[in-house]
């Protein structure tokens, strides 16, 4: 690495890229990036140029010797990379809109990670990721693959199980968001908070929470279950938990738990958005449009503050933090998606989990959890079953397995609904699912 | 046991008792019962006398030296018993009707084992079973407790975890019914069929199926997933599985899986019954009434054939078969609920599972399963989480835990609904749930 | 199998074969063997003919329609076989003599299964077994491989790990011998005894023991630890256990435990035999010579009673019993070497263990043990480590791994001794260990 | 803790104490100790005063506001302690001499941790530690117990299993010594080395080794197995490993592995020392005598350099480093003895292991290992079996269990030798083993 660090970002035309650039600039002292390659596909070319030029202006302003390259040639970019980050979206936001809207037609939540939407996002994404893995194996076998593409848990599982790449970390902004939320609840600085995370991506629990290393879990559970408290936390959907549930669960939930512990309420809420044409994809699409208008401004040379409203806050910061800790062998604790290796007893040792890890140059090392608390063990196992069947369907293009994946998903829980949804979604996403439409050779 | 075998049946006034008697008479050569004590509580006294007298007539007809005793004094009965069977129903069928009807008001299935109905049946039953366990410990510590009282899995879990009784077997007629169904499908005699069972009570799967020891699983899966087949099996609800689901699952389901893999369809179906006042409890209540009318006939000295329509077919036969195998150290294979002891890898070694076992005088010994197939691991773990939280709520009377149990149950999946249902059901079953209504002492 | 059962015995020229024939004749009603192929290699041709002709005379006397074939062509024999039994000895008894004598020169027990002798027997045997497995895969993929060749545990491990054959059972006469011994100690018929076996081949423990299904373990432990008892059991070496050890261990040992729990005494004893030229191989060689003289007698048409002194009693009977139970799907309990599948918690699920199993047409199904008792867990794990490193050395021909295998073996426990013994034994067995003497190609 | 930190050192009269004092002085900025209580028993009073006065002079010289208290009243000292360190030796070095010499009479290594010496040190120490635990529970329930008393693994196991104290960490200087050794071998600063440790106390392996986070394991294994290398590492006994063993093991050994992988050579070596009256205890006794002469010098106010020859180097430094990391919630990686919690798959989750942990204010959190490499799994399990049987013998005073513990110990491996050694050692240590000499009451 004497030549300096080479980073390749696949899906470089994403609206998130300015945050990533800001992160690299901010941490340059620790993480001296020399080359940053932003890669995208033909249909993302225009966005790549807009955001890539902003990236170049930001770097120029910083005065740092970082070379930003824009390319549609993934293989050229990957050569000798040190880190590869993936943040692409097969089918763009239009596909996400279908992921969300089609299930809702059947009264089922789309949920772009662990629901039907997540299944189809996985079916579209996993073959591409495995293709990237083959390129990495050939062109930069020592590189770390840092995946933020959702469904991050299913993708990490698929890479561990169906590729030769072992140096993969799946990254999510949910845990960092939970820490921020607790910091705010307790009115202490984020840096003083640590949570013991365990579970799966978008299905992660906080098993304990500390301020300056001292457990404040009892206090936090009390605060979270006190409806009279003015800081009574509303989650992503603006719905609070029943106090009894919070107390008896005795663990911190993540925002995505709303889909599984408030299924009916969430369906009702989403159906309203559906009617209004305001599902998340549609909202984000509008936001993105506005962002790219901003990015075009040749005088803009900072990350525009409007980006923070995009959602996915902390994502890029988390990514740069992770890369820095790997590069510097920092040994700090970060929650990431990695191979379980016995950290959670009831999940297979070779499966992906999202768990607090020590981050070293040799990658993340999970801290042993023992087993998950009894009440949460079931749902975590269920989502792991779903992720594995879904990953298998993605790799094989097996129609029956896709239906099975949805049937065992708690948001669907019906073989008949599963089949209807799979049929309609397969058709809708046909162009991105060649593995399901192989022509039989004579 | 030189004195001959003493069997005590708690809930002896049940309409099932004639089947049990028939079983004891039929297997007398192998299982020489000398004393059969039918025990019931004050409110079941009338039924005990009706069915007890029929039992006496049946024994008399057989000419066997079995002494049938009827009593309301459980402790007198238990003294030096060899086997204790439990088939009682706290709150009788009226309670079951509430278990089924109240959840349906909220659009949720009652499901008397692994749903809200099962939770409340467990809350009523577990304290009584633990009380019986204390009596057994004192009065007949060498006895085997054969429990058929539902929810049999939760009850077995509770006994293993909260009593000193280790000699408990939970028994269910579902596996035997699955074997019968497969025998019919293949048109072979039941005795030639063997299924490798694994899972939990009412959540059990057939992982392989054999005719004369040769696996016919592929053939069975094909038959079960062929909708054009005239023998295409309808399950309890008259609804068939989607062929793709059956093929991809590649395991035999039990009838109760309809609740979890066809949740919406089952809710719709049950809501119709609810409107008509024809939930299962209501249907059974009518059947029981007719049965007891028959039982009263002083000329009746056989099990009336109408009993078979009662549902719960094979239950008593399974029970007598199990008792016989324990008594004679037969070493045959039977599916029962017992301590896991490592048979299923992802379930704790000290939890109850329903699994194929060798039946010896030393009790059932589970055959190692390894781990459950990936697609079913999640739902089984979920129901185990539910059973454990429910059992803890039953023992402690902890209101929050009761809400947690329902929230994590896939039929409810909402903390808000859980709370509403718990509140209404606690009130409805108040008389049988003293642990939730302890008065605080001054 | 309409054509009748075809059995192939590899190493058919073994002195044990008459016992096998006797077994097939005795159980013909249950196990109608039509073809029995005795296979041997060129250097065993003479013995094959002698024992093969005796076999033919025995069959003739029985009047049964069993066809006995003698051949040196293994592949011809294997075609469409139903069962393949392996009882060959690479290098014959001369090799065993070296296995025993060379280690003793260094003051170390040879021990032909789990010691240095076992390592070298494994190194010679495993490549041949894997070769047979490849033939089976091609010529009779549905056949069951019943291996009695020692070291049976290491061989079973190697087949499970390094071949595609899954239908293998390793068989040993030690457990049946323990049952016989206990039957004698208690003066009850063997058929009334059952032992819960768990461990590894020649490292198996009896965790409980029953008469007619009732545990008599306490009584047996008392008897075994009472030195004043006239039936105080001497084991293979004529040495009794210290009573305190027996009581505290609270499990039945097998004769081979003497090597590990009386190491020094056994070394001293064997060194005396070594000096006298009376190691086991030498004794057996003489016995075999005498047996083959008997076998040559053209009037002999029964198994000569002298065979029982050969050692290995019950071996062939155990084999025929096992084959019969598989063929008839009997479902009885037999201790065999098979894949663990979770039966013993601290041993990997995919490793071979020796454990009580239900024997079905689908093969042996281990009964769950949970975990081994604390005091024995270590030694069992140690021998499993040894077996696995040894099997790897056998497959790869890796010299360093052979030294590692012996260093971690408790009978050696020295890297220096390990190297010396490996060096001398590699040279002595050179002709049978081609994998260690590969010429490097230019 | 606003009052400042209170530390209690039991066995304060140890010759190691000056190193501890030096550590507290050196790290005062991070770890502001206000009160240090040195506790000893009546027979150690003189040494306590000598070393205690040196401690006071050292503190005085430092100018820090640390109050050093000397006392024989353990309970007074423990009141409200924050950290309790234990470094006592029941029976002093005379007992250790017996631990070493008596087994050698029988040709068996004494080995003061995992051999017969360790058994008897455990039998003497565990009841005292459990007594201290009861005091801690009452007098300072929030305190961390930092145990350096050997056998540290067995003691930690006993505390976890037989006391209510969960806040215990067992500490050893072996891992830090391995890091130092590797640093020297590679000629890099110790701070740049990190080893992934896993195993048990004095039975710990280095599974990987890093310089600045980059694995250098292959290089280290090559260096360690190259006998021509001038830095070819000799271990504690001055004996090198066979290169083939080192390569095939592919893990770093600790010095104590000599006893198990070079047993015969070590016995021979120790027997020479035995003859010369130069066993380790005897050597240390002489060293201690000289040290205490130095300590008496009223002008001495630093740790005398001669202490470093005492052995046990880095012990106190490791202790102060650990206490500091707990106190400051540092989150650095240190190898300690703690509850396994799933970090090593084949060891029970509730047993003590020695493994790399993150050190937080909430204690050490083990990093998941998955499972140990196949070749080392056996020996680690064996020593765990030994530790558990030994701990049970210590708590119950069960003579049979003491014999069992030694029989299953690989250094003894004979029930007869075990009994002889136990008998002679019980008698020799009679005064310190009241649990084995309980008078039966009339």
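Order of writing sets the labels: A, B, C and D. Residues in every chain begin at 1.
Note that in this section contacts are C-beta pairs under 8 Å (C-beta built on N, C-alpha and C of every residue); 3 or more make two chains touch, one makes a residue touch a chain.
Since the model is a prediction, treat every value here as computed from it, not as a measurement.
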- line: For subunit B and subunit D, the contact-path distance works out to 2
- request: Give the fewest steps needed to get from subunit A to subunit C, where each step moves from one chain to a chain it touches.
  value: 2
Message: I'd like to verify one number: the distance from the centre of subunit A to the centre of subunit B, where each centre is the average of its C-alpha atoms, in whole angstrom.
response: 43
Task: Hunt down the residues of subunit C that sit against at least two other chains at once, touch-wise.
output: 371
- prompt: In the complex of these two chains, what residues of subunit A are touching subunit B?
  reply: 107, 241-242, 244-245, 247-249, 260-265, 346, 348, 371, 374-379, 381-386, 388-389, 398-401, 403-404, 407-408, 410, 413-419
Message: Per the contact definition, I'd like the list of subunit D residues that touch subunit A in the complex.
response: 194, 208, 210, 212-215, 328-329, 331-333, 340-345, 349, 358, 360-362, 365-371
